[in-house]
Structure formats: structure tokens, C-alpha cells
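Shared between the two complexes below is chain A, which has chain B as its partner in the first and chain C in the second.
Moving on, here comes the complex of A and B:
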């Protein structure tokens, strides 16, 4: 299966080209657009980026694997990220994680992540990338139902 | 106690929209800015004593001067990576008053002679960077940015993708060039940072957001707040076991305990205060007994053996286990080491594993000695200060709460 950007994304890319002194700087934006388009970054997408930038495939691959938010396999479920860092742990993130595991692991992939910059709203999680803060079990049910 | 300089418009509804921003003073500093020569602006920033709010507290004026003096195409990069645990202030600026940041960027670019700025926003902040992008679009429409502007500046948001180390300025620039986020070796003499070999200024979001007030009201107006060596204000944050967690701007030099009581509402559920990590997870912990003298400025917290860092305080009450807290932080360091330097890659991994044995109450005296020796090796020669910071965190816990660790030894 070959990869190409949608027309809308191609327009975005064309305008991004004017924004950086070198084409190479577009690697992260291109990876993001590929992931937005397909929900993950396929080998074909990386191959496409490598050709587009005229850079070795290995470079694109090594960049894509460095950053935790890039997904190189297609997600089977919707994603919940639960923060596990100190301010959240002090406010009960472990119980939140357990509750999610026990009640929602069938429909969702539940991932523990480090501080999301929402410590005043601890404990917190994201659902499909959207922030939910000051979590309680009732609130989780409300958000996820 | 609360002082509003950077946070002045945070509570005004829809401050992120151009109309509301304009009617509340945004972009008004640009008139006096463009009436001055760039060097005059740099001198004002120097005189104001403005210090970087990204953790290091470096004098902003000197950095601006170095970039301004260096030959080449200049870049201004705004660090909005905000991944230091306990830190959540820049996000407020991005989403509640993005026009303040844009105004600050325009003035900064004019002062150092740059026409191009990037805002590197952590990938997780998509919701907030979308708000910022809308504001940037509005600023283009109103000709504050782009070809139609009095002074041309282009701003591009660059989205990170989940890597704490990309907050370190040279790793950030590597990432912005399309590479893995690996910190670079530091130069021995004062030099700017470089983006594709061109001189580049990297400043934190809050640093740049402090610029409009200073350039509009003068250095003395800023110095009216804070202390001699830590002038002005900061968006201090408070989280953990606290009644009213949040971001509250106060001037430098206020008492930490007063801040905790008066603006933070005191420790949650009437518990006793046990310890505070003063400025984000990479600053050493301080036990309650030391907090009576603690003041929120760079010098005082350094003298107490910690640091002001990002100003994000993490409060721990009498029930908090220090062993568990250190485990939490070492897991973070283990997870986030970029892996370039052996002492860091190995040290963060080992210390994380050693802590597992303390948490399980199955540690030995050798484990404790090993932890101390690993900490020492991490404080040696590494490319960036990530590993020394981890080492300082370990040492702080062992120094002030050794007995809790000894209790976990069989």
C-alpha cells in the first residue's frame, strides 16, 4: 500500500516549505501530518517522507522512533493516557489507573505517561488527546460513556 | 500577595481573541518599541534584570546582546516544551493570553534583529497550541505579523512529539532541525545557540511574555518588584497535597510558607506539611524545618541547597512516603534520559531499579551505598545537566530523609 498526503495536507506542506531555512526541518511536521491522516506512521509514509526530503529512510525512522508520541503501528483502540508523575501520584493517580484498567481496558488502550503539565488538575488523563483534569471515578464514567 | 504583570489578563474572558486583547492593552508596547533603536531595547532589558523563567534564570539581556552582536541570519525560538514535572505555567500564557506572547516575540525579534521566530510547543499541548495558532492567524490579519507589518516577523508553531529532553535548548534546536532531540556539547566561551548554524536566541515563554511590560513601563517599573538580584515577578505554580493548586503570580522574594498558606490555601485536608520540591522535579527537596526561611528567589533557594527552577512547587504532606516519591522521580528520569551519555543512561536505569527494592522494603545497605555511588557518577561529565539534576534529586532525598530509606533495609 503506497502512501500519499491528502490534497489538504499537501497544501499545508507547500506552505510549510516557506517557513524553514531547510527542507529537513519538516520531518516532525510531516510525521505529524502522516499520523493525523492514518492514525499511525506506516513504513510507506516514512518512505514517502524520505523521498520527499531526499534523505535516507533510516534517518526518518530514527527520528520517528525517538519521540514517544509517534506511533509506528496502527492503534486498535482509542487511547487513554494517565499521568503517573509525582503531583498526580500524590492525588491518587494509581487508583485512577486501576479503575480504568478494570472497567475500560476492552474499549481503550490505557497508557501511563509522565507529567502532562496539568499538575494543578491532578489526577488527570487524556482521552483521544483531550485533557481531563481533577478526575474522579464518576467523572471518568461520565466522559467515557 | 498576588501581583499581576504577566497574568494580568488571564481572568478576562476571551483574552485570546484579538478584539478583547486589543481592548485590554495588548500590542500597545509596540509603539514605544519601534520608536527606539534595537540596542536601546536590549539595554532596557539588561537594566531590568529580567532572568529566564525556563529553569536556569540566566540574565535575558546578556543573551539578547550576544545574539544581536553575532553575524548571520538570526532566529528567535520560544521554548514552550514545558515538561518539567510540577510545571504548568507556560500553558496558561499560550491559551489565556497568547497575544501577550506574540507581542513579546515581535519586540524581541526587533531588538535582536530577527525576522523569524519558532514556538516549540510540547506535542501534548495540542488543544492549547491550537488557540495560539488562531491568535497568530489573527495577528497576521491585523498586520502585526508578516509582510504588512511595521517590522516583519513570521511566527511558526513547531509541534514536539513527546520527549522531555527537547526542553533543553540545544536538544530543542536539534529537534527543530529535524533530528532526534539530543543535547549538544556546550561551548567554552559565550556564544549564542545555533539553528542551522545561524545565531539563535532561545527563551522561555514566560520570559518573552514579561518583555512587553518592561519595554512599555521601563526597567525601574519591573525592578519595583522582587529583590535586587531576582527582580520582577514569576508565575509560581503549586501542586501536590495542596488545597488550591494553581498558578499564582507573585514577586520574587516572598516567603514560601506564606505563599503556601495565603494563595495555596495551605496543605490539603488540614494535614501537616512535610516537604516541598521548590521548582519542578529537578530541584532538590526541602524538608519542613528548612522552609521557615525559604523565600521564592534564586539566591535564597540556592543557599538552602535547592533551586528556584521553574517555580513549580510540589507540596507533600505528613502521609507522603519519601521513598515512594523518589521512586516516582527516578522512574521519570530513567524514562526520559536521551541515552547519549553512559553515566546518565546507566545511572538513571540503575537507580530506578534500586529504588524498587526500597519500595518493596527489601533493600540492603549495599543498595544504599550503590545509590550514593551511582548518584556521584551521574554528577560527573555529561553533555547536559539532566544527569547532574537527577543526582541532586537523589542526594536531597537521602540527605533530608535518610531514616525513611534506612527503614526499608532488611
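Moving on, here comes the complex of A and C:
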């Protein structure tokens, strides 16, 4: 199995290329796009990035393992990410997490993550990468059912 | 320009790196990540010093000296700083010195004895990481012993540019490693073992064979190719066995090999342990043979200038036609240390004006009655049935020659060789007497 970006992502990459003085600055966006495309970053994707940027594979792998938000194994279930940083925590993210764990952990993989920049809508979570803000338990049932 | 280090005036150049000035003046400064040929990385924080006029301690590997800089390395404050840093470095360390091969030459161990000696503050379990990981190319990794100085990863990314090693993960679980399913694979890979200041990277070839404090060391030159990399020969003699050479280590020479060696050269020490165990001939028989006509000699281009000189005058006195042929392997050389010419002293052969014309040699060989081989590999396996052959060998020979003499190898016979760039270098014999006589002594006897 070999990896290549979709046409849509390739266009995005081409426009990103002009944004940075150095090609190696593209590691993070490239990893993000790969994860978005496949739901995780495969070895082939990292190989593709390493060839694209002309950098050793290990360097890409190092960067990918440094950031906890990159997934290097294929997720078995759909993913819910619950924010646990300050604003969400103060607004009850702990209860949201508990509710999700108790009711949805069979169908979903529930992960705690750090701030995703949606503090105005705390508490928040993502389902398949899509933001859901001002969460209540009723709202969760509504979204997930 | 002058600076003051621990109340002592030190002469140095403006803008030099403080740690380099200290090392040059033999002022003790603990460091992990700084290495002369890899440069500073500033990650280990071990080289902290107090500088007059600065609020906080500074790292010596990122401080450039200026006039009248006042540096202190021994104040109580700085010792406490170093102790705290060491505590962090050692937080997840397994402290298994007793079974660690690095013990005795481990920086972490040394610095602990100097600055450590604290009780652990750790109340939770240590972070477990990978142990005895075979990276390939004879290198074994123990991630728990690592202090993350990144000397090894900087070596593979900046020096060999192969980039196999890197840091995986972060924080407490950060560790050196290779990407899954890949291996450390380059002709200079074993340098990372020597670069590693602690026991994280050890050599599969050397580990568990000998404790380093039992080893003696002598200054020598690698004879693997014409580069003439400077080495330490580490050897010892134990109670119930003969002298054994255990390893070659790089000896720093910034004109030739910096602090590095290729794996081929590093492992070429094994040749020196192949002792000659056959029967040696009498020198008298050789003297008789020299009365014959049409004699030819071939000398190894890896012999020292002293040996070559002795052979040259021996051949002149006895009317022997002398040749030397270089060992050329076109697949061996690269753009860095390795050269295609695998003879250690071919430049010396040229300097002494010994004939190295291969065509001339082959035609002379046809006519010769007596062939004297001074340890040249070329003739070792050649069919010389109708000739009378004399063989001088540093290691064991299987072929059945008329006369065989065992001679001391380069670890037991000091001398001088000239490398491919014309640099003349001396190498020295180990402190133990070789069981074989030196070539020059045999030739002296024949005069």
C-alpha cells in the first residue's frame, strides 16, 4: 500500500509551499493533512513526506511522535476528543467525559485533549474532527444518536 | 587576551567558546552534549558555570569569551546546580553500573561521584523504556541509560547524513531510537558507541568481553587503508591467556579523522589477534637460499618506513629485485575517510623509490627462482609451485612454503607511516613483547 495525497490536498500543499521560506517547515501541515485524509498517519504517509521534503524518514517520525495529537495507528472506532483545559474544565468537561465514558465508549474512542481554541463555547468536544460547543448531556445524546 | 577561571588567569582568543578554552587548559568541566567535532547542542546543561556580573549560571558551551571574563566552576552554588541537573538526568536511570559495559568510562558515573551523592526524591515508579535493542551494525541500545545528549543523532544527521537515529516521543518518555522496521546501517555506524558518554549505546563486538579498567592503551595508526586514522589500541594480558587486543578507539586528530573511524578500520583489530602457530624456519636456511640466482621480493605496502628501509637495503646487498604493489579496492573508498588504496604506507613505498610497476613485477616473477614475500597478500594464495618461496608473515599462513618466518605485527613493532595526504605519523608498540621477532631484527641477523 502506498500513500499519496488526494487531488484536493495536493492543491492545498502547493499553495502552502509558497508560504514558508523553507520546505521543512511543511512537516506539520503535511502530517495534519495525512491524518485528516486517512484518519491516522501511516508509515507510507511518513515515507511519502520524507521523500517530498527530502529529509530522513526518522526526522518525520520524530516529529510525529513528539505531538500527542498525531495518531500513528489506525483507529478502531470513531473518535471523540474532549477538551480538558481550563475553560472547559471550569464549565464541567469532567462530567461530560464521564458521561461519554459511561454511555458511548463501546462505539467511540474517547480521548482527552488539550485546548482546541474554542474556549468561548466551553465545554466542547469534537466528533470525527467536527466541533460541538456548549455541551450538555442532552446535546450529546442528540448529536450521537 | 586574558580571562579568569577559578582565580587563575587563562590566555585565550577573543570570541572562543568558553568550554573549548576550559578543555584546552585542562580545567575540569562536566559535559554530555558538547563534543569537539559535533559541537555544542546546549541540551544537557551540565557545563553550568558562574560568571561574574550575570544573574544566573550560564552554560559554558554557549558562552563566548570576552576580555576579563571571570568564571567560577567550583563555587558551592554551581555545585548545587550541577547536582540538581544530575538528579534529573538520573531520574529514570536504572543505575545498573555493575552489569553495564560502560562502567569505568561512563561520564554519568564520573559526574555522579563528583557532584551527585543525593538521595532519590522519586516517590513514583521510574519510566520504563526499551532495553537491549539491536540497532544493527554492531550497536546495541539501552534507552533507560540514555541522557538524551543527542550526540548519536547529531552524528547520523550531521556527519554521515544518513539520519537513522532520532528522538522518539517527548517529556519523560523521550528516547533515542530508530524508526520501526529500519536499522542503523552506514559504514561509520559504530562511532555512535564511542560518542555515547554513557552506557546507552554499546558495541556488540566489545561488550561483556573485558572490563575497561583492565585495559592498557597505546597510540597507534589504523592500517586498514591509506587514510591513516589515529587510533588507540586497547589491549591486555590476563592471568591465564596471552595478550589480546580488544578494540580500536578513535584518537582525535583534526587534520585526519577528527574523532571518528570507519567500522571496517575499527574492526580490523581482529587481524592482530590471529597468532602465528606454525613452525618457523631457521634464518640460516634463508642465508643459504640467498646464494641462488634470480631472486625477487615483494613487500607489503602496509609496512612501516623503518621496515621498508631495512628490506630495501637487504635486497640491495643480496641482489634481490624488490617490488611493492598497492592494495587497491575501488569499491571501498568514499568521500570521507575511506580510501580506495587499502595499503597503509604506499606513500612511503613511493618515497623510498621501491618499484611498484605491476607489469614489470609479473614479468620478473615469471623468471624468478626465489620469491621472497614480505607479508604481501597478493602472493599469499598464488600458485608458485616451481619456485622456492620464502614467506614473512604477521599472521597464520596455511600454504606450504619452503621457508616461513613469523614477524611482529604493527601492534608490536613501532614505526612510521605516511598517509595518502603525505602526513608522516608514528605508531607505537604495546607494552607486551611479541612472541614473534621484529622483521628488522631478522634482517639484521642476515647481514
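Keep in mind that, in the parts below, the second predicted complex is superposed on the first by the 130 of 145 C-alpha atoms of A that agree within 3 Å, B and C clash if a C-alpha of one lies under 4 Å from a C-alpha of the other, contacts with A are read in each partner's own complex, and residues count from 1 in each chain.
Please note the rule applied: a residue touches a chain if its C-beta (ideal position, glycine included) is under 8 Å from a C-beta of that chain, and two chains touch if they have at least 3 such contacts.
None of these values were measured; they are calculated from a predicted model.
Once chain A of one complex is fitted onto chain A of the other, the partner contacts of A:107 are absent, as it touches neither chain B nor chain C.
Legend: residue contacts after superposition of the two complexes on their common chain; A:95 is shown touching neither chain B nor chain C. In the superposed model, A:51 makes contact with neither chain B nor chain C. Residue contacts after overlaying the shared chain place A:126 against chain B, while chain C stays out of touching range.
Looking at the superposed arrangement, the partner reaching more residues of chain A, out of chain B and chain C, is B. By the touch criterion defined above, A:8 reaches neither chain B nor chain C.
In the superposition on chain A, A:43 makes contact with chain C only, while chain B stays out of contact range. Look at A:66: by the touch rule set out above, it reaches both chain B and chain C.
Judged by the touch definition given at the top, the superposed model places A:28 against chain B, while chain C stays out of reach. When both complexes are overlaid on chain A, the residue A:87 reaches chain B alone and has no touch with chain C. Residues 62, 66 of chain A contact both chain B in one complex and chain C in the other. Residues of chain B that touch chain A in their complex: 73, 82-88, 90-91, 122-127, 154, 156, 158-164, 175-181, 195-196, 198, 237-241, 245-247, 277, 281, 312, 314, 316, 320, 324-325, 328-329, 331-332, 335-336.
Of all residues in chain A, those touching chain C in their complex are 43, 55-59, 61-62, 65-66. Across the interface of their complex, chain B is touched by residues 16, 19-22, 24-29, 31-32, 62-63, 66-70, 84-87, 89-91, 114-122, 126, 129-131 of chain A. By the touch criterion stated above, chain C contacts chain A in their complex at residues 156-157, 162-170, 178-182.
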